[in-house]
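By letter and in written order, the chains are A, B, C, D, E and F; residue numbering begins at 1 in each of them.
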Amino acid sequence: MLLHLQTWQEVERYLETSRGIIIPIGSTEQHGPTGLIGTDAICAEVIAKGVGEATGALVAPTLNIGMALHHLAFPGSISLRPTTLIAVIQDFITSLASSGFQQFFFINGHGGNIATLKAAFPQIYAHLADLKFSNADQVRCQVANWFMCREVYELAKQLYGEEEGSHATPSEVAVTQYVYPEAIKEAFLEKEVASGHPIYSAADFRRHYPDGRMGSNPALATPEHGKQLYEVAVKTLSSSYLKFIGE
Amino acid sequence: MLLHLQTWQEVERYLETSRGIIIPIGSTEQHGPTGLIGTDAICAEVIAKGVGEATGALVAPTLNIGMALHHLAFPGSISLRPTTLIAVIQDFITSLASSGFQQFFFINGHGGNIATLKAAFPQIYAHLADLKFSNADQVRCQVANWFMCREVYELAKQLYGEEEGSHATPSEVAVTQYVYPEAIKEAFLEKEVASGHPIYSAADFRRHYPDGRMGSNPALATPEHGKQLYEVAVKTLSSSYLKFIGE
Amino acid sequence: MLLHLQTWQEVERYLETSRGIIIPIGSTEQHGPTGLIGTDAICAEVIAKGVGEATGALVAPTLNIGMALHHLAFPGSISLRPTTLIAVIQDFITSLASSGFQQFFFINGHGGNIATLKAAFPQIYAHLADLKFSNADQVRCQVANWFMCREVYELAKQLYGEEEGSHATPSEVAVTQYVYPEAIKEAFLEKEVASGHPIYSAADFRRHYPDGRMGSNPALATPEHGKQLYEVAVKTLSSSYLKFIGE
Amino acid sequence: MLLHLQTWQEVERYLETSRGIIIPIGSTEQHGPTGLIGTDAICAEVIAKGVGEATGALVAPTLNIGMALHHLAFPGSISLRPTTLIAVIQDFITSLASSGFQQFFFINGHGGNIATLKAAFPQIYAHLADLKFSNADQVRCQVANWFMCREVYELAKQLYGEEEGSHATPSEVAVTQYVYPEAIKEAFLEKEVASGHPIYSAADFRRHYPDGRMGSNPALATPEHGKQLYEVAVKTLSSSYLKFIGE
Amino acid sequence: MLLHLQTWQEVERYLETSRGIIIPIGSTEQHGPTGLIGTDAICAEVIAKGVGEATGALVAPTLNIGMALHHLAFPGSISLRPTTLIAVIQDFITSLASSGFQQFFFINGHGGNIATLKAAFPQIYAHLADLKFSNADQVRCQVANWFMCREVYELAKQLYGEEEGSHATPSEVAVTQYVYPEAIKEAFLEKEVASGHPIYSAADFRRHYPDGRMGSNPALATPEHGKQLYEVAVKTLSSSYLKFIGE
Amino acid sequence: MLLHLQTWQEVERYLETSRGIIIPIGSTEQHGPTGLIGTDAICAEVIAKGVGEATGALVAPTLNIGMALHHLAFPGSISLRPTTLIAVIQDFITSLASSGFQQFFFINGHGGNIATLKAAFPQIYAHLADLKFSNADQVRCQVANWFMCREVYELAKQLYGEEEGSHATPSEVAVTQYVYPEAIKEAFLEKEVASGHPIYSAADFRRHYPDGRMGSNPALATPEHGKQLYEVAVKTLSSSYLKFIGE
């Protein structure tokens, strides 16, 4: 169930049986010479939709701009500052909590969002308590990173081994190929690809990772892999979601 | 050209011939008993995509959460506070301006966003000047409200007359029916519908507009109307965009 | 009744019969070679005072610094950033709402303030609801731009035709001449005056409008016109105020 | 020279010979049963105007809302929060420093503003340095409290002795009587007046100072005293201003 | 009693008999060629600990970073901006007020903190009232500057006369020598030392005070003086604290 | 080398050979019936000091208040909100980067700080780039959690097995016993201790963890264990620091 395709009266009925909601969050940032700028949002959105279908959960609109300051030296990347993203998450959850939602399950497609999301959650719990929301103490947030699920990670390693890398990975590229086969890109990929350098400033990132990839070989990706990865992610995260709302 | 389906190298090439970008912005809010919660984002997104196709312009990901504080008494509505939305717009444009983008054309689907967008623009111009961006003085922002284009407005009046109303209108509902025919809703609609009361707080809004509609009769909407309205909007806004970047 | 000339006990008595207050808001910014930097505040203040006298309404002190970032390339202009102005308006209204005021009628002298005021209002309604003010749902704000009242606009057109322009207009200059006849200025005015260019950054504004005027010929202004315009504005806005508090 | 009665070209000429400006800052708050709510702004404004005449200095528009949170339990009081006031002062000075102003002399009418002004100044110096203003290192701010000038204080003590008190004082009331003789108020004043309790919250303030006065007997005020106090203040602060800009 | 050496259950018991707490606040900033960067925090901490022992009061952890923007042109200095420090103080007091603490007695070692602390207090009272804390109206804050206590000041004048100066003073250096005799520094001190220039920007400060001292001769300091000053400060501030919580 | 025991001239000399600095960060929060409220700050501070001695690195003053919102239902706990902590970290690093420091190594004693620190770092890199600091691209931050070092973790498991738990652990208590043997506490500890519940709001935390411990048995702690843990942590983190600054 996609929230944006419901009416408010349908949401009101949904709340009679569930207080949970899934929120896909991605990023809009460079993904190397062949990866789509929307990769992280596309993956989070499609997997969240799949989990929604599998579990009957409501799925909120995708937060498609995330925390990607370190990618800003590459054209087309867009980032919120962490404090802006915290404000967005707070407004988002406060709005829904005022309707009666209580369990917020973020399906996240971007490593750079994790710290900011986890920083936002305690601030939001405190904010709802400050507002004296009747359900303030029942509100719970969780972030689930599809690419870090054990089952997904193992499949990626099996498919790509060390060439999975850590950014512009073949596994995330594969999922986007499965979703948008018409947008599969060809481009020259240096054989040698940088890896292992920690992430600091945008200028430092580009200096160390000149084409945007971090240790990955996205040329290995196929739409079929994408389908497999998608299915594993949906299955695993559906269990996680049901466990989360049943706690 | 959808930004999220490009690589950063494709964006780099795009910037050699154009400095313009289209940004769809909607809202996630109640639209009466039969209107989709995502109506404003859906309309802005589809029309922006159409304008992108017609003009060759790049289209950024949709900002699907807007300023809808007055709708928060209806379940499923989500709003950013105006100051949060200003921060989002500032981060968004600053990111793209650092890549070289200079003309930001917002295609907006929600009346409640207009004031905040217009408040954000001067703050952003000043911010870019503070940052000493080399192109700070070239940056220009414009908001184009698809539903307020003269041609669209006239078509809506011709199709629906007074029953167009001002929220949950048959014209916006029609566009969503055209995009998502599988999500056409049926629900009881009171014959009498409130109208004319200004917008104040969320509680006041719900008190005066108990089912969420403002003077509208969305039962008149059809997918065929939606197609017509979409086409008129795309045509008109394509001209506006070309005029804007050519100034 | 001017708030700053009352005691708190007089305000307490006023609140027994009315919950309304008028807030003049202007700007401190260049108004071309012959217009006063204080034009917008002077006009808003004198008209608000007139409306207060005509209706018995309390008139708050003038907010004489507004949102004028686009004028900052001209010496002597002062601006709040939009987010600062939102904070000011919020503190202002929150203070008065805690005393029991409920209807806030802004008489505005500057086009550049409109978007920020309209962005501020929903944030303030939400803030008062967050604070659990007993009268939160009764609070209503409205902005009335004296220069955009139909009657004023028509008189200006009749007096000046196309030479009214849109900034440093003869009509606003005339009102200041009526209020401060001792401060009528003489200066060289280019015959040709720029017009029609949208407002972007401060540097862009000065580039397109080198002497600060936007399509206007303030040399046409006279104190007598000012008196006429003042009287029409007071009459029209007095009706608007009474309608607003009577809603 | 009042800034609001100048044109931008007159300001441009002023800057050829002086970089200094006077900024009156007051407050809008209860001043006991007979004191005007605008007392602090009225005093600061009239004295600043006098200093401007005596020294040829430019005088900015009055900041008539200050930091008066502790007075909010009395109807008609308005306050900015300290962080809002800091933002206002920062925007104000940044605007004028961009024109070339360098010495900012605040003539202050309200004790409650002092800490916030002094907190704002270092933040502003750092902000201007961050912005790389060419004159950042030359910018200097000073706050001059008219009621704390030695000469004023001595005259007040001579006129009123212990009955001067510390809020709603006869000396400030006298200055307002001199400026607005038509607004001299009569009201019952308890013989016993509280004093000596430090200032904490608004509720605590009203509990300890039920009629708003702090140890004062404003019934002693006369317009003639007001004239004397005004003249002493203008003379003293004119010297202070000239010393400040000559440093 | 040092808070950081208690358990929460011990704090719970403490609250049965007292609602007061002492908060040492210092700064981390240059103190001339021989003064320690931590001087202000060291002095505040040791004196606060002494007052805690003398009065049985609980002593919070030291806020060792203060408002020292004007010292940032000297290596090793660290400063919070005033608005950051206000946020820190607000969070600090809100946390403890939620436990039941009501009287907050700041023992301050740095002149640069005073204005910001005094600006923070009213904002915090208003914040606690906004949060509807049951004890909001009982919360009281006070700042006690150890170096400005009359008894301390007189001893300093007696020991050092005019050579006390106003920054990097022999009296504060003496207290640090008493606490850290192993960290007594030797360095060349110019005989001539600047004084009398007001504090503006960091660059201006270093220009006028090239070695960081303001009119002081810290070479006069001895650990024995430090012991004397410490004892006088503890005695005086213990009385102040008891008076404060007994009000 | 402790920064607070240096003069600015000593720091200037230090910067000739190193651009690195260690910043201890802890928290002030309940640690169960026998753990000190200052546990996290005490551990971070003593270990940072040890690493400073072992490596010759400068050690900044301890940030002893962290992000502990989830502990606020226990008396004596103090927390910054995440956005406040981000502002503190930004001001802290900006100050030192302006002196020439480039490598910031946080030794952290509290799990609750990690997300906020990691959220702060990219915002700070962007801020320094905005300020056009000449060394902006060289600035690097890293957080090292002493309790999560492999060697420390293994020693803790060897000493306490499953009874280590995850808050108020015997290992952190042991380190505080080693540092403050005079502050070893005795109190009743329920045999059964809750564990496994994720962290949400403060009220939820106390409901699930009524005495504050999370699965731990701090009664196993001894000062001798503390010494061992301290030594392992210092050794490991010294290597990490040297590796970090040598990158």
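Going forward, a residue touches a chain if its C-beta (ideal position, glycine included) is under 8 Å from a C-beta of that chain, and two chains touch if they have at least 3 such contacts.
Remember, predicted model here, so these are calculated numbers, not experimental data.
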Chain centres computed over CA atoms; the one at greatest distance from subunit D is chain A
Cα rotation angle, subunit A onto subunit D, in degrees to the nearest 5, is 180
Self-contact between copies subunit E and subunit F, residue sets same or different by half
same
Roughly how many whole angstrom separate the Cα centroids of subunit B and subunit C?
29
Which integer distance in Å separates the CA centroid of subunit A from that of subunit C?
46
Please output the residue numbers of subunit D that touch at least 2 other chains, ranges allowed.
72, 81, 83, 132
In the complex with subunit A, residue positions of subunit F that touch it
67, 69-70, 72, 81-83, 86, 112, 114-123, 125-126, 128-129, 136-142, 198-204, 207, 247
Subunit B contacts subunit A in the complex at 2-12, 15, 28, 30-38, 41-42, 60-65, 72, 74-81, 83-84, 87-88, 91-92, 95-96, 98-100, 180, 183, 185, 187, 212
